[in-house]
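What follows is a short report on a single structure.
Chain IDs A, B, C and D follow the sequence of writing; residue 1 opens each chain.
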Amino acid sequence: MSTPPLTSTDAAPAAPVDLADLTPLAASSTTTDPKRTGFHHHHVALAPSLPELARVFTSAGYFLEMLTCEDRRLITPALPKMRLVQTWNRFDGPADRHLVTCELDPGQVAPSITAVAPAADWYEREVFDMYGVRFAGHPDLRRILLPDDSDFHALLKDFGQMDRGSEEGT
Amino acid sequence: METPTRTGRLGRFFTGFGSLFHGLAVTSRHFGRTIFLRKNVTQQYPHEKPTLPKAYRSAIRLIRFPETDSHDCVGCKACERICPSACIAVDGGKVEGIKKKRASHFEMDFALCSLCGLCLDVCPTTTLEYSRLYDEAGYNRNWKHDLLAEFRAREPAFIAEQRQREQAEAEAKAQKAPKKEKPPKEGDAP
Amino acid sequence: MSDEPRGASSDPEADPTHPEAYVLNMGPQHPSMHGVLRLKLHMIGEEIVVAEPVIGYAHRAHEKMAENRNYLMFLPNSSRIDYLSGMIYNIGYCQAVEKLLEIEVPERAQYIRVIACELNRIASHLLWIGTYVLDIGGVTPFLYCWDDREQILDLLDAITGSRLTYSYGRFGGVTMDVDDAFLTGTRTFLERMKSRLPEYDTLVRKNVIFIERSRGVGIMDRQTCRAYGVTGPCLRAAGVAYDVRKSEPYGIYDRFDFAVPTESAGDCLARYDVRIREIEESLKIVTQAVRDLPAGPIMPDKPKKKFKPAEGASYFAVEAARGAFGMYLVSDGSEVPFKLKLRTPSFSNLSSMPKVLAGTMVADTIAIVGSLDIVLPEIDR
Amino acid sequence: MSPPETLVDKLDSPWLGVVLGVAAVLGMLTVNVLFLVWLERKVSAWIQRRMGPTEVGPFGLFQTLADMLKLLSKQLITPRHVDKPLYHLAPLVVFVPVVAAASLFPFSAGLVLQDLDIGLVLVFAFGGLAFVGIFMAGWGSNNKYALLGAMRSVAQNISYEIPLILASLSVVLMSGTMNLAKITALQSERGYWFIVLQPVAAVIYFIAALAETNRAPFDIPEAESELVAGFHTEYSGMRFALFFFAEYSNVFIVSMVATVLFLGGWSGPLLPGPVWFFLKVYALVGLTMWVRWTFPRLRFDQLMSFCWVVLTPLAILNLLITAFVARLV
């Protein structure tokens, strides 16, 4: 269990970065309506820049609120993608939630951000457990919720669809 | 953080020691209340029956409406579809001789039920309610409730009565209809 | 037993392969482990070198279930995520879906929701106080707390018909209206609770043994909290006034006058103090809500029958009794959620344990883990 | 004052005396322990605004009897991997000294089984013997929790024996004898109890006795919130019952010692000796219960430092002052 030192204290960020627009790092940054979506900003990132983005957020005093994944392979069968999702928020002042999404090809290994945000440790393990996405540089990438010897990733869309799914129209 | 109220360790020691006696005083007060004032909180369950709140949720059952002395389930399967635990099985449909549809089968597996009440919400005829069962226990997982059981004996009589009611309604309507056709809305409500 | 003085090997990086190290398995079957948490403790003597929480024993696949049923059918699940403050989760889920579908909630229902949620929060904190004191060996305060909690459960029972897994909220309102008996009962309870808090103070908070067992134990400072995403009373005990009810007010929380209590020490004692003061704040909120409760309907006049949100992702956070509970909902435009991620506070809170537990004594383990107020079904989902 | 005739002396055959004596002490202990457990459950219930046992017998009095019968009739489970000789022997080693110690007490003038001049020393010696059994249980169980509990128990009990004995010595210094009957007689002769002259020793004794008997707030060896059940984790049925019996008997015995040393034993007006004796013992037992159901538990290191930093120096100081004053008077 390694607990890497934090890159900064909670004091004012060393170099003020405009979190609303992270375009050099993120492929795109948009401002969304928090009243409707709950997010204030949405950044679309490329996998290699995830640790750097995490560093930007932790330096600015933000914390990793949540990290998860979406299995979007069946939505666009022609271009199957897994989508990594992070949300970052801050403790002080009104909420400022940043949604960071990152499209991965199936089987693509994402870089771990555990070294920057220890909170990601368990979240990445959960994503691995549930979606089979691997993280490079994670100190201890094991299953977390499912039994160690299980041979499936439970939240993949092609696993265990119940027959009582959508009952629209019946 | 604890603020040092007295100077020195000895003072803290005695404050700490004193705090133990304050604690003892609290427990002795409750001790006295219990044995002298007989104020305990125990409910002697099998000897005393619990008072169930009005909203108490237990296994669902069909309401027996006083007008018809029977339930009003039409077997539409809305509850069966909404049930998250898939514990309801309903069947029903057209019955010979009356217009109203009737349920022919209504089974609920109480072992699976999570008492969420969604079935009550969706019931179009509001014929479902919670029963007042609270001491269900058993030796196996088979916990099927046949909700129609208590109505089955009366069902032929109900159908006969219903036929009469429907006939009376139809006659009343027939009498009303040719007289005046002004209020179009009233005709909808029986 | 090791001859090393206490704290000599308090390095979290310490070697679990030390010749004197052994593994002590705490839980999932342990009389006072909270729920089905398993702690794999590498220890030297009575000191913990490496602590490794093993979770998943209560995994019920809530997120998978959510993807397999429509929005309404997931409702009963929501109060089962955290069964000790099920109301907050239940109402929170309703609010998240209402936001997606832009459903207006009648005023009266809003107030009833606040009353129910805050009562539930008090109940949850009371339970924590009881179990925490039990963890450090005091049995009697535990029963006093449960007695008080019982009053709340009775109140909630009267309006919801259940005592733990309420399923009280519906999209657009609540299932049952409150009556005068409930309001009178709530007022009685408020009075009772106000008189009970000084007693807890005397019996527990001022007790020298309690103070010695809690002060300086299991310190989680601001940095640790931020690194691990710790929220709720544990975070506020570290001096951060973060509360979702204040930072992004949901429902009608912006109408109430309440404070966010904080402490600075970040130890078990501070967590106790924060929770006691949160009970006081919740009492304040309930008092105001009962006073201002308007008349009117508890469900919209024309409740929606089909729940089909537009495509897209959304996030909704509520302040649960243990911290920030977030729901990341992705809709693909159908009746069934495409993805529902439940960001449960205890999950993040517990993930800080390897850092906090390293170097502590085994006798403090249960106290520290207990002071987080973890609920395992909430972590495992 | 002539030394009172003991019960054993009154019988013709020494062997018969031994058998009858053991039977009497066992019977006395069993009845008292059963009552004690019932009382503990009732007191805790009343403190916690509950009712306690009510179903078996009047006021649930026979509840503990039923529990004992249940334990007696339960299957004895011996886990695999235990050290069988130690595991099987441990409950007896814990149990026997308790009975032996209980046979030394004067319940009233003349009502004493073994009137020995080293009675007090023997009581403590027997008390010390029990920890061998506890460690045997912890080691023999081959269970980490049991071993940790046993280690704590031994460390705690050895530590707290020191202030316990030092506090008792203060009384011995004043009375000049270790004979329990004589200490009692002396107090009734002088017309005051030694607690009047030795309040500090009495408090030290009480605290140390709580620790010695593993009672809350010192119930660390079997702190169920961390060590499951401590040294008897792996024991069930009758073997567990023996530990349980020994534990409650110990509570009873240290209360009896305290009664003799500080509260004047059987002496008291109007009521007969044994009644006074048991009244005082039960008052003390009630006090331990009151304490147990009020306080949380100390941590192990706090417990040890409390013993060595506070209790032991205080006991030594008290002993020195007593010796000094006793010399002067």
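Keep this in mind: a residue touches a chain if its C-beta (ideal position, glycine included) is under 8 Å from a C-beta of that chain, and two chains touch if they have at least 3 such contacts.
Quantities reported herein were computed from a predicted structural model and do not represent experimental measurements.
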Maximum centroid distance from subunit C, chain identifier (CA atoms): D
Pair of chains joined by more contacts [C-beta pairs], C-D or B-D: C-D
Mean-CA-position distance for subunit D and subunit C (Å): 43
Approximate Å spacing (C-alpha centroids) for the pair subunit B, subunit D: 55
Distance from the mean Cα position of subunit D to that of subunit A, given in whole angstrom: 61
Touching two or more other chains - residues of subunit D: 47-50, 293-295
Contacts with two or more other chains, residues of subunit C listed in rising order: 69, 140, 144, 147, 203, 207, 209
For subunit A, residues that touch 2 or more chains besides their own: 164, 167
In the complex with subunit C, residue positions of subunit B that touch it: 1-2, 15-17, 19-20, 22-23, 25-27, 30, 41, 53-57, 82-85, 114-118, 121, 130
Complex contact set, residues of subunit C against subunit D: 1, 6, 22, 24, 30-32, 46, 133-140, 143-144, 147, 203-204, 207, 209-210, 212-213, 361-366
Interfacial residue positions of subunit C with respect to subunit A in the complex: 12-13, 50-52, 55-56, 59, 61, 63-64, 67-70, 99, 222-223, 225-229, 235, 240, 242, 244, 247-248, 312-317, 324, 326, 328, 330, 332, 334-336, 338-339, 341, 343, 347-348, 351-352, 354-355, 358, 380-381
Sites on subunit A touched by subunit C in the complex: 1-3, 6, 9-10, 34, 36-39, 58, 61, 63-66, 68, 70-71, 75, 85, 87, 91-95, 97, 99, 117-119, 121-122, 130, 143-147, 154-155, 157, 160-162, 164-168
Subunit D residues touching subunit C - in the complex, by the definition given at the top: 44, 47-50, 144-145, 148, 151, 216-217, 219-220, 223-226, 228-229, 293-302
